[in-house]
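First the structure, then my questions, so here it is.
So that you can tell them apart, the chains are marked A, B, C, D, E and F in the order they are listed, and the count of residues begins at 1 in each.
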Amino acid sequence: MNQELPERLIDESMRRVDGRKPDELRPIKIEVGVLSNADGSAYIEQGRNKILAAVYGPKEVHPRHLSLPDRALLRCRYHMAPFSVEERKSPAPSRREIELSKVIREALEPAIFLERYPRTAIDIFIEILQADGGTRCAGITVASLALADAGIPMRDLVVACAAGKVDGTIVLDLNDVEDKLGEADLPVAVMPSLNAVTLLQMDGLLTLEEFEQAINLAIDGCKRIYKLQKEALKAKYLAIKEEVEE
Amino acid sequence: MNQELPERLIDESMRRVDGRKPDELRPIKIEVGVLSNADGSAYIEQGRNKILAAVYGPKEVHPRHLSLPDRALLRCRYHMAPFSVEERKSPAPSRREIELSKVIREALEPAIFLERYPRTAIDIFIEILQADGGTRCAGITVASLALADAGIPMRDLVVACAAGKVDGTIVLDLNDVEDKLGEADLPVAVMPSLNAVTLLQMDGLLTLEEFEQAINLAIDGCKRIYKLQKEALKAKYLAIKEEVEE
Amino acid sequence: MNQELPERLIDESMRRVDGRKPDELRPIKIEVGVLSNADGSAYIEQGRNKILAAVYGPKEVHPRHLSLPDRALLRCRYHMAPFSVEERKSPAPSRREIELSKVIREALEPAIFLERYPRTAIDIFIEILQADGGTRCAGITVASLALADAGIPMRDLVVACAAGKVDGTIVLDLNDVEDKLGEADLPVAVMPSLNAVTLLQMDGLLTLEEFEQAINLAIDGCKRIYKLQKEALKAKYLAIKEEVEE
Amino acid sequence: MTFSLSVSRIKQRQIAKLIADGKRLDGRGLTDYREIKVEKGVIERAEGSARVYLGRTQVLVGVKIGIGEPFSDRPNEGVLTVNSELVPLASPEFEAGPPGEESIELARVVDRGIRESGAIDLEKLCIIPGKKVFIVFVDIYVLNHDGNLIDASAMAALAALLNTKLFNYEVVDGEVKIKPGFTKLPIRNYPIAITSAEIGGKLVVDPWLEEEEVMNSRITLIFEKDGRICAIQKGGGGTLTKDQIIEAAHIFQKKAEELRKLVVES
Amino acid sequence: MTFSLSVSRIKQRQIAKLIADGKRLDGRGLTDYREIKVEKGVIERAEGSARVYLGRTQVLVGVKIGIGEPFSDRPNEGVLTVNSELVPLASPEFEAGPPGEESIELARVVDRGIRESGAIDLEKLCIIPGKKVFIVFVDIYVLNHDGNLIDASAMAALAALLNTKLFNYEVVDGEVKIKPGFTKLPIRNYPIAITSAEIGGKLVVDPWLEEEEVMNSRITLIFEKDGRICAIQKGGGGTLTKDQIIEAAHIFQKKAEELRKLVVES
Amino acid sequence: MTFSLSVSRIKQRQIAKLIADGKRLDGRGLTDYREIKVEKGVIERAEGSARVYLGRTQVLVGVKIGIGEPFSDRPNEGVLTVNSELVPLASPEFEAGPPGEESIELARVVDRGIRESGAIDLEKLCIIPGKKVFIVFVDIYVLNHDGNLIDASAMAALAALLNTKLFNYEVVDGEVKIKPGFTKLPIRNYPIAITSAEIGGKLVVDPWLEEEEVMNSRITLIFEKDGRICAIQKGGGGTLTKDQIIEAAHIFQKKAEELRKLVVES
């Protein structure tokens, strides 16, 4: 029930608790199109995070009066499985989950051509099956692929990654222990090809200089993950192509 | 966390715990038109009570099927701030707040020409910022002013005041300690110029004679507060007049 | 607060804790048409169970969008009074009550000509005033009579009874103690004249042979209660006839 | 809908007209109650219970006894909890779900009558001061709603409390152990609620459903055994005059005496 | 909508017609299961976990172990709690919010299979009698709904329990201290659920979504390791004959044996 | 509706056009705050309180102190709880009921500013390690919503905390006894939130309601007393550039210094 917590988060050779260098991402595995019912879906593993995203829509809005005359209604639910964390989480949405659902929706919204689907709804569901720090960022990364898989037209993929400060050092892509014991966590989402930040939050303490350093590192991480996103999409389409040609 | 409670509520010279005579009201301060968003609003301090009321409407009814074909739907919410009482109150409405919302709505309803606004809603919100006994009465007094400030046509202002029995004596306008330790509390609301009682409740023990004495004293208190209501309304309109004429 | 529990559930002369033989029903008392507001109602006592059922409908559906174009919407609420069991039950519906409401609805549904009343609703309310084991079965038996009393056309009455295993013996119509301490409980509902099982559940451990024996016994019990149902209906109509002829 | 509205208006005028002449649609006089039947002990598994029929209105009250903590400001007193459920079986107007304002008002008015009259000697329900006390759960269960739920519920609650038994117990090492046998719940007062509807300027006692549908307002007075008022509740969006209320108080006081006898002796 | 309704009616007739001939739309025989894949230990942070694929139906079960109080009537036993979430990611029919009747039924049927078969030796989960016991939280998480959630969930729950580890601990001064290392959760039985849909008078095992949409009713039998039935649940508003049920019981018993092997050995 | 929509679009263009020229509809410059008024100690029965007026926006914060258990992973620290209520009195947009996402975000952003800056010395609020600590309830009560609730709420929360008194107490036999008199709540940092709206590519500080209605996105930075950022929250479905954000950070830092003086010295 209780994790053993390390005394130091970065050792003398600048290695982090999981052996990474300060500017190193955790191993990432992405798969697109993993669920048969959803209109689009994707799965990501980033470190020990395991996250599934699904998209339904554009579809009719229920209840009707919520529909918007000039664009699609975008809804998002970030949700943690009861077994995804150290102590079992109650299934009812926590205040944290409600806030994250909001900021994730707002992070994805600028990418979608919502005005093309007035009076419809697009629903994004993000399920955290296992949590290991940085779930909101990985959730945005994978949800953006589920949107693409659903064929929803987008300005760019949205990709997210955190930077932060741990034992006095600015590091990339914090894991659970670094998040809990570190000095600051700065999750950032961007549309890389548009140079646009769509999510920005911060907890902790950073000077303006450290902040600038951290946001640059986070955006750099985003760009590296962006490549993996595009590869995963390509892999999906190749698979389909092969299927069709078989 | 624990108030110190006095042993006697009325001393040998017939003075109450706060120095008042049995038939004396607490100091009252009223202001009309204190919020910019509401259609009407008012604020009252009565002893240590601090209460804000706002009125929205007549306005469209949501959900639609609640609207009435022959008159306006009157809704009322009496609500206590978590910090208004000794021990922090949970924000969820208590059974007491639900009952008081009902009786306050029924106390104000006879004053309003609801039949003039069919298929609309009038919403009354009463927020108890600090509670010191007699909040339902002061809430009615101030809500009635918020209705007038919203320009809702009324048969008369509704004004409320409690009488009760404390250390064997019938007294006017009980404060928190008198309410808790006294023998009876009798809140009354009236439309003074129509000689009509619109709210009547009682807790405690009163003989028929004491009851008659108490209801007479309460109505007398109401009439005194009625004057203060009208002065507060006048002050508001003088202020507006000055503003216009400047 | 604590019932004293017996050591043995069946004695050497094959008598059960309440003196019954293994294949004996508890005393049953049924009355039809006991509430003036409901469209149909009935009351049953089976052992110490005391259960009231009421039916409203066919009637308009609220909210509208729940109505079905080709048949009536059947709704069912199985609910226990707070004082019906050993420890006071919270009034909020428990998971058990929600499941039982579902299986009872599904047990009654096959009997009703729902297709004759498209776009309407039929509501069945079952209130357990006192519980003594076997409430779902007695609830089905009495709800079926309330449906008949409401004049809802049915293929047959539905009647239910449990069999089970207690101290190694297959027995009929388990009471509370037998249910709690016994080895298996098998509630069954049937439409006797149609040879159709409409409810079947089981908890406990039974070999296939025991299962076959138990289901036969349960259905036999159902047929005996079916006679009592019909007598109760007749009694109601005789009473009406007398009233009319008086 | 239009049809039923106008029917109701015609009936409304008819009811009001009759009442103006001192008569009622069901033949009663203005201060007459419907037939009252009180049955005690109808739910054997509850520690106390009673069913009251007031004409076609039917209310069942069950009392359960639990053990729990006292309120911090009353460490030496047992706890009284009154709830009411307007189950949808009882009326087409009632809906399943958490209690609405009508149900909460009903429970709170009955609660006030019991509490303010000191009907239960709560100090005798203290087991270990500040730690363990008996909790008295009074659950009002309306089975058929044909008007005047307050009076029927208050009578049923009193009858159920009069019928309530308390476990014997002993305290061993700070733990409460239940012992065989029971004592009676200590009841020392008998609050009785009397309700009238105001229709066309007149008060009619014990309104049935059709009268409640047309009334302007409602007034309930609860009297304790010595004739003192222990609770009042006005309901409905109409008005009353002070004189109406004071006159009613004298009439109701006598009425309460009659009903008390009926409930206590049942 | 009209369009999809008539499509569904055509499909319904087609499915029923095929079944009458002993065939199914996806090519299976009437008593064939879809392809089953069981993966244990997929969520490392949970004390136990398993994912089951039943054709395109996908269910994840996670087991968490907590410490809490036993039920007062079972002071020497650990507590088993089974919940299910039909998250909206899994189907256009599922909605966020508190569990509905379908979700509650699913959890309770899986719970009954585990509980009635005695699958978990709950007495071994007692830490301090009457005070502290292990709580086993079994959370069913449906990821893709393509029919027969009960069988998939029951398999996933059993597989996850077989994969569950328990903390080592010691009791020091009445407080539980976690010690390094783990033991296995004591499992002593292996309940397997077998479900059929009744369509046009015939029972088809392991219905997929399109069959569930046209079935009249559903019957689930859960068998423990020695072939005894430990739970039954009929679902849906149709009927079955006693003979159908008894015949099914014999067929299902054999089927359960096959599936049990697959789950235990996975 | 159509009418009000087009009005809003005209106003939107007008607001954006003005801002492009460095002006605002209410005459302020792009980095100007509206008039700020801070009143401390307005609710005497609360342990701490303050009301902040930000133009016509009005926020009341009350602080209550309770005693409860610490979090198991922080046995030596008091507990901070921040809640916000957007009561329907404050705006036609607000509805009664459980807090929505906007209300939760507001409370959590204010919470992060207080928590991450270490504003309250929580270790000094420990009474009996692992058992009893002080709980600080910060309740944000919005009374009139005319935009920029975050900054107004954060200021009111800080002002209320600065004004909060703590009971004196002693621990006797493991029980906490309240003694007469008070001490001050130990405050050691002063977080200040600065919020801008992005409209037409420009950032305007302290947006009022009409600006919030037309903004693309919103950015809040909270600064602690030494000028470090302790929390950031971007809101709204628009985008910002990194350069915009970094430039804003420098401007906001100075702004925060000004506001801090105003709140602390009020």
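We adopt the following convention: a contact is a pair of C-beta atoms (placed from the backbone, for glycine too) under 8 Å apart; a residue touches a chain by one contact, two chains touch by 3 or more.
Computed from a predicted model, the values in this text were never measured in an experiment.
Both chain D and chain E are touched by C.
Separation of chain A from chain B in touch steps, taking the shortest path, is 2.
Steps from chain A to chain D, minimised over paths through touching chains, total 3.
Taking the CA centroid of chain F as reference, the farthest chain centroid is that of C.
Taking the mean of C-alpha positions as each chain's centre, the chain lying farthest from the centre of chain D is A. Centre-to-centre, using mean CA coordinates, chain B is 57 Å away from chain E.
Centres computed as Cα averages put chain B at a distance of 31 Å from chain F. Computed centre separation for the pair chain B/chain C is 52 angstrom, with centres defined by C-alpha atoms. Shared contact sites, meaning residues of chain B that touch two or more other chains, are absent. Looking at chain F, residues 99 sit in touch with two or more other chains. Taken as a contact graph, with one node per protein chain and an edge wherever two chains touch, the assembly forms a single closed ring in which every chain touches exactly two others. Each chain touches the next in a closed loop, which from chain A via chain E reads A, E, C, D, B, F. On the side of chain D, the complex with chain C involves touching residues 42-46, 49, 56, 58, 60, 62-67, 83, 85, 87-92, 96, 98-99, 137, 139, 141, 143-146, 167, 178.
In the complex of the two chains, the chain E residues touching chain C come out as 101-102, 104-105, 107-108, 112, 116-117, 217, 219, 224, 227-242, 245-246, 249-250, 253. On chain A, the positions that touch chain E within their shared complex are 1-2, 35-38, 41, 48, 50, 52-54, 56, 59, 77, 79, 81-88, 91-93, 123, 125, 127, 129-132.
Residues 74, 95-96, 98-99, 101-103, 105-106, 109-110, 186, 191, 194-208, 211-212, 215-216, 219 of chain C are the ones that touch chain E when the two sit in their complex.
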